[in-house]
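What follows is a pair of complexes built around chain A, which joins chain B in one and chain C in the other.
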Partner chain A sequence: MLTLELNHLRKQYKNKVAVADLSLRLEEGVYGLLGANGAGKTTLLRMLCDILKPTSGSVLCNGTEVREMGGEYRRLLGYLPQDFGYYPEMKAERYMRYLAELKALPPDLIRSKTEELLRLVELYEVRNKKIKTFSGGMLRRLGIAQAMLNDPEILILDEPTAGLDPKERIRFRNIISSFSRNRIVILSTHIVSDVEYIADQILLMKQGELISQGDLHQITEKVRGCVWECVTESSQAQELNERYAISNLRNCGEKVSLRIVAKEKPVEDAVPAEPNLEDVYLFYFTMKAPDGGCALGVPARPSVQTSDGQDGMSK
Partner chain B sequence: MRLVREELYKICSRRIVKISFAAVLAGIGLFFMMIGPGDERCSIGAGMSREDYSGFAAIAKDKELAAEFEGVLTDEVVSEMAEKCFFQEYSEKGFATNRNYVNTFFTDNGLTDGVSRGEQRVQATRTIPLESTAMGSLTGESVYFTYIRGWQVLKDLFSVGALMMGVLIIIGLSPVFSEEYSLKTVSILLTTAHGKKKDIWAKLAAGVVFFAGVFGICTGFMILLCGCCYGFKGLECFAGMLDGSWWLSTEWMASASYISIGRFFARYFLVAFSGLLLLTVFMSFASAISRQNFTALILGLIFFLLPILLWIFYMMSYMHMSPRFSLFLTRMISSSPVYSCFGNAIEQVTTRTMLLFRGVEYLVCTVICVGLTFRRYRNYQG
Partner chain C sequence: MKRKDKALLKKEFVNLQSGFEIDQGKRERALACIRGGVRAKKINVSPSLIRRLYVQIKYMEKWYLLFPVLLSAGLLGLMRILSREEGWRMELLSLLSAGVAFTGIFGAISVSRIFANHMGELEASCFFHVGEIVAVRMILSGLVNGVMILVCAFVLQGWMREELLKVLVYILTPFLASNCLYFAVFLFLREKNMVFAFLAAGVVCACLWFVLLCLPWAYEEGMLAAWMLLLIVSVIVFAAEICLMLRQVREGEMVCLHWN
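Then we have the complex of A and B:
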């Protein structure tokens, strides 16, 4: 069974600590890495990919330092970076073949694997078009396809669903779910629902540290008692909106139904609610008000489901 | 091998490379027309009966004229040449008014008592015995005369053509590594099995193949232009005939051995090839340390053209330099890629110590550049 061990991993840029003394053991399964911008997710993933050298600590694959393994480790690896780079003038199929060569795929497998993956991400019909003509979603799908070229045992995806429409995201989730058997898949994202659906384990990062870890149930249990629902007048809703983190707001005729994340009961008639991952995200990444509320850095805004299915609060 | 092919495709598929390559070929063609057929003049006869030809007609007449005297050069042949083709006469501005291939040959190679060197013009009155001329005494062998104008044109054409090739190499190879940074593809490449080793070799090899292709095509094109226009004869002739005026004015040639035109060009091409190969290797390094293609391009141009500035600096201050430092500096400058393309080509390709110096310098530079390229690229940290 494949294991990845992170031992006291630390990355420091001058005075800024991007990843602080992080220790973790990863086994087969899908890991969802959640955190706000600047939490150190990308730095962590780049160290896992052996692109970035840690300031201290080590990454071990089955007990061996990945830097020592070199090419052997990279044969196990599939990586989609946050800023997916591509050659604008190259055609999609050529790009895939080029990467298949780099990933040391056997020559007789390159054509079939390229075709299979381009079909999987629904880019086969445009395989002979230059990549510069692709939309953001198509680029992302191409990125996912290239990451899976070598059937990696360790798949690291940094913001894989950014720019995908709801249909594409569902498709992506299904692909990852079916692909993840007997592999380690690490998924960094802002989109809470992606993690909620497919991650076996959720890792919450804040300011370079791992602040919480567990499966969906364990993670949400930690904020049980901090999620409330209430129905109020619209004038009071405005006041609550400014004081607390509101994870959902819905108009019900003259009244407003609110879902509030707060350590203490925000209003008299508020009732405890079943927490979900969005509540967890708000709990860990926005709560700082001294009165136990969840005041945001900017005036708190309700979560709005956008047309692409993304959470308005999530960014 | 397939990786090299892919990397080569990436280099060659860039629009700027295609345009630059076409521009280089067009530039070579244009320059050839200017210094070749466009500059040809042939005067036959004297006084009122003189016939003047230019362009391709002049080439044809010069060929006919040269064919009459083809063979081993003797005092009798030189005298016959002067009798039939006359000594050159000069205008007030110093241009020969009745030049043709034959009288240019015996004038430029010092076979008369006249002078046609630099700004100096002295009308000849007689031929002088071959054994008392520099050509006769320096070669130590009999000189074979034939029409070699094409090779003279090729020598000048190649100097400029090689410079253009240098610029094309800089343009073509500046993105090899830097593009991976600027397009952000490096993060993916460095996480692949071959990304940190084999692919770096493949990029370096693709650069060399690209350079070799450019060199082969451009050189072949130049040889073809000259050969088709002037003919391919005379490769076994004495290389000094390529540029007599320069040949006679240098002292060092007293110790140089006889070299044929064919051998001269083989060495000249080799010298230019090795110089541009060094530029190719340097470009890989420049590209690996640059985050933008433009930065690599500028670094390449500086490396390529800096020796010209150094040469100007040397000419201004060599009196204050120690002889050893002066020698070191001149050798370093003359073995630079840019001076491999033009300048004292005959000196460069015939002096053994120059070749040795060049070999050692290139080897050291190559090892350093390749080592630093690997180190810089594979340790990319974002």
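Then we have the complex of A and C:
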């Protein structure tokens, strides 16, 4: 079984600690990495990919340090960076072939694999177009395709669904789910629903540290009793919006239906609600309570979410 | 066998199976062994240096290799015309110095393009690492420039009736010294689009070497030692810059930071 072990991994840029003494063992499965901007997710992924040298600590793949494995480790790796790079003048098919060469694919496999993946991400029809003409969604799909070129056993995706429309996101989730068997897939995203649907394990990062880890049930259980629903007047809704983290706000005629993340009952007629991952996100990343929990009276940045469940959570 | 018999057999088989208990641990271990076997059978190709050079030549923009050739050919043509004039000797050398100093920018641009397009991070995750890609591009650029410099030096020494080695020193020094500046620009500026910075540096270098025309003593016999010294210093500085760049690439600083 393939394992990745992170031993006291740390990365420091001058005075800023991006990843602080992080230890973790990853086995086959899909891991969703959640965290606010600047939490250290991208730095962690770069160190996992052996792109960035840690200040201290190590990453072991099946017991061997990845920096020692060099090319043999990168052979196992598929990576989609947050800042997806491409040569603007290159055509999509040529770009895929170039990366297939860099990934040391056998020459007779390059053509078939490129075609297969371009079809999978629905870019086959535009394979002869220059990449600079692609939309954001098309670029992301191309990025996903290139990451899978070498049939990687470790697939690391940094913000894979940024710029994809809902249909493309669903398609992406299905691709990853079917691809993830017997592999380690790590995806970092702000889009909570993606993690909710496909991750076996969820990792929450804050200020360079891993603050929580577990499956969806374990993670959401941690905020049970901190999620409330109530229907209130719009004037009171405004006041509540300023005081608490609101995970959903919906107009119901004259009144407003609110979903609030708060440690104590925010209003008299609020009823406890079943927590979901978006509530967990708000609990850990929006609340400003000293104990990391949600406290009454602590002004939280209003975080009103739209009904499609995306914008409020994405960056 | 009739369909009815088949169904009967299947039923009997299922009944017999229900008496067995599958040891999940053993099952997992057996599956892990099979997966290990499959992994071990995976054919891994390690491309040779020739293959790596070929890949870069095939996929890189050819202009970076063609420009120095075209520029050198243009310079040789111009020098051929000027060499027919009486008294033109050192002028040819200055012109060639300025020309080769400028051609160095194409190598630097071809390397910087990797990083300017954010390709560095992606290429750093591939088997064929970005450090190797940078090295291969520099080798290609060096080969093209080297051949062109040799050709130019060989032709020029015939026209000037000077020793080949001496002419080579006069040409290699501006080439290497200018490359030191271009790579310093590359290492310290790190802007998204550095083509204009390189062009500006190229023009400055070309002008500086052309100014030597006004200093006739610069090419006197006694100054050759100074040229040699400058050449050695340039080689050392250039090598140090390359080492620094490759170290930064390997540690990820150059690949991940500063380019956003």
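FYI, the second predicted complex is superposed on the first by the 291 of 315 C-alpha atoms of A that agree within 3 Å, B and C clash if a C-alpha of one lies under 4 Å from a C-alpha of the other, contacts with A are read in each partner's own complex, and residues count from 1 in each chain.
Quick note on the criterion: contacts are C-beta pairs under 8 Å (C-beta built on N, C-alpha and C of every residue); 3 or more make two chains touch, one makes a residue touch a chain.
These numbers were taken from a predicted model, which means no experiment stands behind them.
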For this session: Record, for the superposition on chain A, whether partners chain B and chain C clash or fit.
Result: clash
Exercise. For A:Lys53, is the partner it touches chain B (first), chain C (second), both, or none of the two (neither)?
Worked result: both
Exercise. Is A:Met1 touching the first partner chain B, the second partner chain C, both, or neither of them?
Worked result: second
For this session: Please work out whether A:Glu125 is in contact with chain B alone, chain C alone, both, or neither, and reply first, second, both or neither.
Result: neither
For this session: Considering only the touch criterion stated at the top, classify A:Glu268 as touching first (chain B), second (chain C), both, or neither.
Result: neither
For this session: Would you sort A:Asn182 into first (chain B), second (chain C), both or neither based on which partner it touches?
Result: second
Exercise. Which of the two partners, first being chain B and second being chain C, lies in contact with A:Asp83: first, second, both, or neither?
Worked result: both
Exercise. Given the touch rule stated above, what does A:Pro106 touch, chain B (first), chain C (second), both, or neither?
Worked result: second
Exercise. Which parts of chain A are in contact with chain B and also with chain C?
Worked result: 46, 49-53, 70-71, 74-75, 77-79, 81, 83-90, 94, 97-99, 101-104, 107, 146, 150
Exercise. Which bits of chain B are touching chain A when the two form their complex?
Worked result: 2-3, 6, 9-10, 13-15, 180, 183-197, 199, 379-382
Exercise. Mind pulling up the chain A residues that touch chain B in the complex?
Worked result: 46, 49-53, 70-71, 74-75, 77-81, 83-90, 94, 97-99, 101-104, 107, 146, 150
Exercise. Which positions of chain C touch chain A when the two form their complex?
Worked result: 32, 35, 39, 43-47, 55, 59, 61, 113, 117-129, 133, 250-252, 255-257, 259-260
For this session: Can you check the complex and tell me which residues of chain A touch chain C?
Result: 1, 13, 46, 49-53, 70-71, 74-75, 77-79, 81, 83-90, 94, 97-99, 101-107, 146, 150, 153, 182
